[in-house]
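Some structures are shown below for you to check.
In the two complexes below, chain A is the common chain; its partner is chain B in one and chain C in the other.
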Partner chain A sequence: MLRHALRIAWKDLRIEVRSKEIFMTVAFFGALLVVIYSFAFQDKSAIRAAVPGMLWVALAFTGTISLGRAFDRERENDTMRALLLAPVPRLSVFIGKAIAMGLLNLGVAVIIVPLLALWLNAPLFAYPLELAGIVIAGSFGIAIVGSVFAATLLKARSRDVLLPVVLYPILLPLFVAGTKCTAALVAVNPDLDIAHYWMDFVGIYDAAFLVLSLWVFESLVIE
Partner chain B sequence: MKKLIVPILCILGAIGFVASVYLVFFNAPLEYAIDKDTGRLVGTSLFFNQKIYFFHVPHAILLFVAVFVAGISSIMYLWKHDLAWDDIAAGTVDISVAFGAAVLATGSIWAKAAWDVWWQWEPRLTMSLLLWLILVGYALVRKFAGPSADRVAAGMAIFGMVGVPFIYTMVGHDSHPASGLNGVVATQGAAMRPAFWMSFATFTCWFTALVITRVQGTRAEREVRELRERALDLGVIE
Partner chain C sequence: MGRLDRVLVEKVAKRYGTERALAGVSLELVRGTMCALLGHNGAGKTTLLGVVSTLVRPNTGSVTYRSGEVKLKGEAVRREIGLLAHASLCYGELSAIENLELVAGLYGITASVTAVLDQVGLEPRARERAARTYSRGMLQRLALARALLTKPSLLLLDEPFTGLDRGGALTLGEQLGGLKADGTIVVVVTHDLEAIAGRTDHVAILKRGKLVCEERSDLSYSYDQLKDLYHRNAA
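Showing the complex of A and B:
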């Protein structure tokens, strides 16, 4: 099952590496967000307090946009049906999609984080390992829950706006935990205990929703 | 019997409403505390405003229950593929969006009286808001998602229900009066108990009656839609 999943993830990533469509546009969108932040938040002395929120809002926005676009690609060529009909377990389709989306989100985050540190002079790299951990956990959390709903919404009307409407209330604990973890890392007096607590929180959140997604994916995505 | 449930609940609710208004305003004591300096009883900052507790807490409990009713019926729907379960989830959510609005409004009034701000980002109020947002999202999906609305909404209800412990952990603990076994409901003074439970029973009757009516409405809507589609297929109507 995992082998098929990896193959599906590899297929998605190869399309993306060749066309670079989603990565380029969404990463540029993320960069624009950082520019907007730097004009919207004039008080640069309060940057430590503002930057965790900026990071996670940017991850939330770019995450939903790339999810919507990635699944649109399957819809345009009607290849989602082909994927679901393929003689592999449907769960492989989900896992493959989630892996590909997680890596794509991570790629975008790799652009956003240094830009935030550079343009806003934010001390994001004080604890690079912890920050990487929470960003990876967050990217995959968004990808897991997002893949389920982007796939379910594939045939829905006004799916572009419904995707965030559905995702954000469910993902809010993850965003808040990510923000609190990042805040603990960039504070004047960094508190690693708090940061680790919220990293565990996001880890458990990811695990719980991964299990739940594996349970419900087949009944939700039936074409 | 089935046809009688809603009228009976409505009558019980109507009687209960009068009774709970009486108990709340004429029977339950006003909020006093012992003044530290003089040692005498004085009205607290809440005083008369404490009365809103009798309306706020039952609504909040019902909002919480509704999230689980919607979640569990959605699981049953995905499992059994029986649209009757979907109707229950949809009807419950419709009504609890209104009840959730009441929770937030009364909570806001309480916050103004107790903490002198209209909105405080404190745990229980935040939690009610987040649960309410899930329900509003559910209602929006139902209305606007078109053909696959039922499955998207069912997924949302299930994910929302599983998210409750995370929301609960995330919001932490703060200034809100405590809930649970050591909370205000369990430890409230004997004089407040009749008013609280009467009001709780009233709103539960009222809520159940509304939900049943709404579920019947949802089912009727669906049946009309199905009939129409069938008639269109048969060419009876254009």
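Showing the complex of A and C:
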């Protein structure tokens, strides 16, 4: 199953590398958000408190846009049907899409995090390993939950509006945990115990939703 | 797993919200036959193909796939199905060869991609180009190559002659006749009766989700016979 999932993920990444459509658009949007933040938060003393929220709002927005467009691509020539018709476990379609989306989210985070650190002079790299851990777990969490809903809404007429409306309430615990973890890392007195607690929380959240998604994916995507 | 001998559609009904797409359709598809699935737009033909292809779940009724005495399910059934749908089912950013290699990988086959592209007549200089640059006819040929690559024993074709010129349509008709002779179950949804005349030996006509006519013949139906059946039952 993993072999087929990797094949599907590789196909998605290959198409993205060729078109650069999603990555360029979303990375540019992420950079724009950082510029807007820099104008909105003129009080530099507030940056330390605000930067965790800025980071996770940016990841939420860019993640949703990526998901919508990536699954639109499967709708254009009805290629999702082709994937579902292949004699491979249908779960490998979900896993493949989630891997590709997770890597894409991560790629965008690699642009947003240094921009936030440089532009706002935010101490995001005080604990780089911990920050990398929470961003990786968050990026894949968004991809796991998002892939299920984006695939389910593929045939819905107003899917662009529906996706964030459906997705954000479910992703809320992940965003809260990500923000809390980042806040603990960038605080004047960093608290690694709190950071690790929220990292564990996101890890459990990802695992729980992965299991749930594997369970419901097929029944949701078949008409 | 073996090739499909028989597909039994039993009392299949499907609703989309309040819209009835299929109402208790029963149909038997047998190897080595070509079934023409006819009807006006909205009659339920595409939905029925969706149900038979395992991509649409019926509200009631069932579809049984048999290879000899063995009932096939899940991936074993999907391995035997080739589908040519309204859309090409191919990625626009990938070339014809890359699209077919992806399919071959997912189906775990080592079939010659070039041979099947030769078979459908996609010109060699177009094969390395992104599929989004193809004309409608070229895209249709690629979609057909995609459906034929896996050597399916159940070939489902939804308006396969769309976008093809008269020569291309006749060649496709001949190829479908050849596949039928090789034992493939061919199901064609089409309004182009001329292209399937002389090859179809099983006709099923749907009207507002109901099967209003099903006929078989030892000989293939002529164009006039198909036209007559269509006008008597679908109108």
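By our rule, the second predicted complex is superposed on the first by the 222 of 223 C-alpha atoms of A that agree within 3 Å, B and C clash if a C-alpha of one lies under 4 Å from a C-alpha of the other, contacts with A are read in each partner's own complex, and residues count from 1 in each chain.
Criterion: a contact is a pair of C-beta atoms (placed from the backbone, for glycine too) under 8 Å apart; a residue touches a chain by one contact, two chains touch by 3 or more.
Computed from a prediction, not measured in an experiment: that's the story for all the values here.
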Original post:
In the superposed arrangement, does A:P173 touch chain B (first), chain C (second), both or neither?
Top reply: first
Subject >> Partner chain(s) touched by A:R48 [first = chain B, second = chain C, both, neither] >> reply: neither
Original post:
Between chain B and chain C, which makes contact with more of the residues in chain A?
Top reply: B
Subject >> Partner chain in contact with A:K20 - chain B first, chain C second, else both or neither >> reply: neither
Original post:
Does the superposition put A:D78 against chain B (first), chain C (second), both, or neither?
Top reply: second
Original post:
Which partner does A:I222 reach: the first (chain B), the second (chain C), both, or neither?
Top reply: both
Original post:
Counting only touches as set out at the top, which of chain B and chain C does A:P87 meet: first, second, both, neither?
Top reply: second
**OP:** Figure out whether A:F201 sits in contact with chain B (first) or chain C (second), or with both, or with neither.
**Re:** first
Original post:
Of all the chain A residues, which ones make contact with chain B and with chain C?
Top reply: 222
Subject >> chain A contact footprint on chain B (complex, rising order) >> reply: 78-79, 130, 133-134, 137, 140-141, 144-149, 151-152, 154-156, 158-160, 162-163, 166-167, 169-170
**OP:** Quick one: which bits of chain A touch chain C in the complex? Just the residue numbers, please.
**Re:** 4, 7-8, 11, 14-15, 18-19, 73, 76-79, 81-89, 222-223
Subject >> chain B-facing residues of chain A, complex >> reply: 145, 148-149, 152-159, 162, 165-166, 168-170, 172-173, 176-177, 201, 205, 208-209, 212, 216, 219-222
Subject >> chain C residues within the chain A interface of the complex >> reply: 50, 53-57, 75-76, 78-79, 81, 83, 85-94, 102-103, 105-108, 130, 146
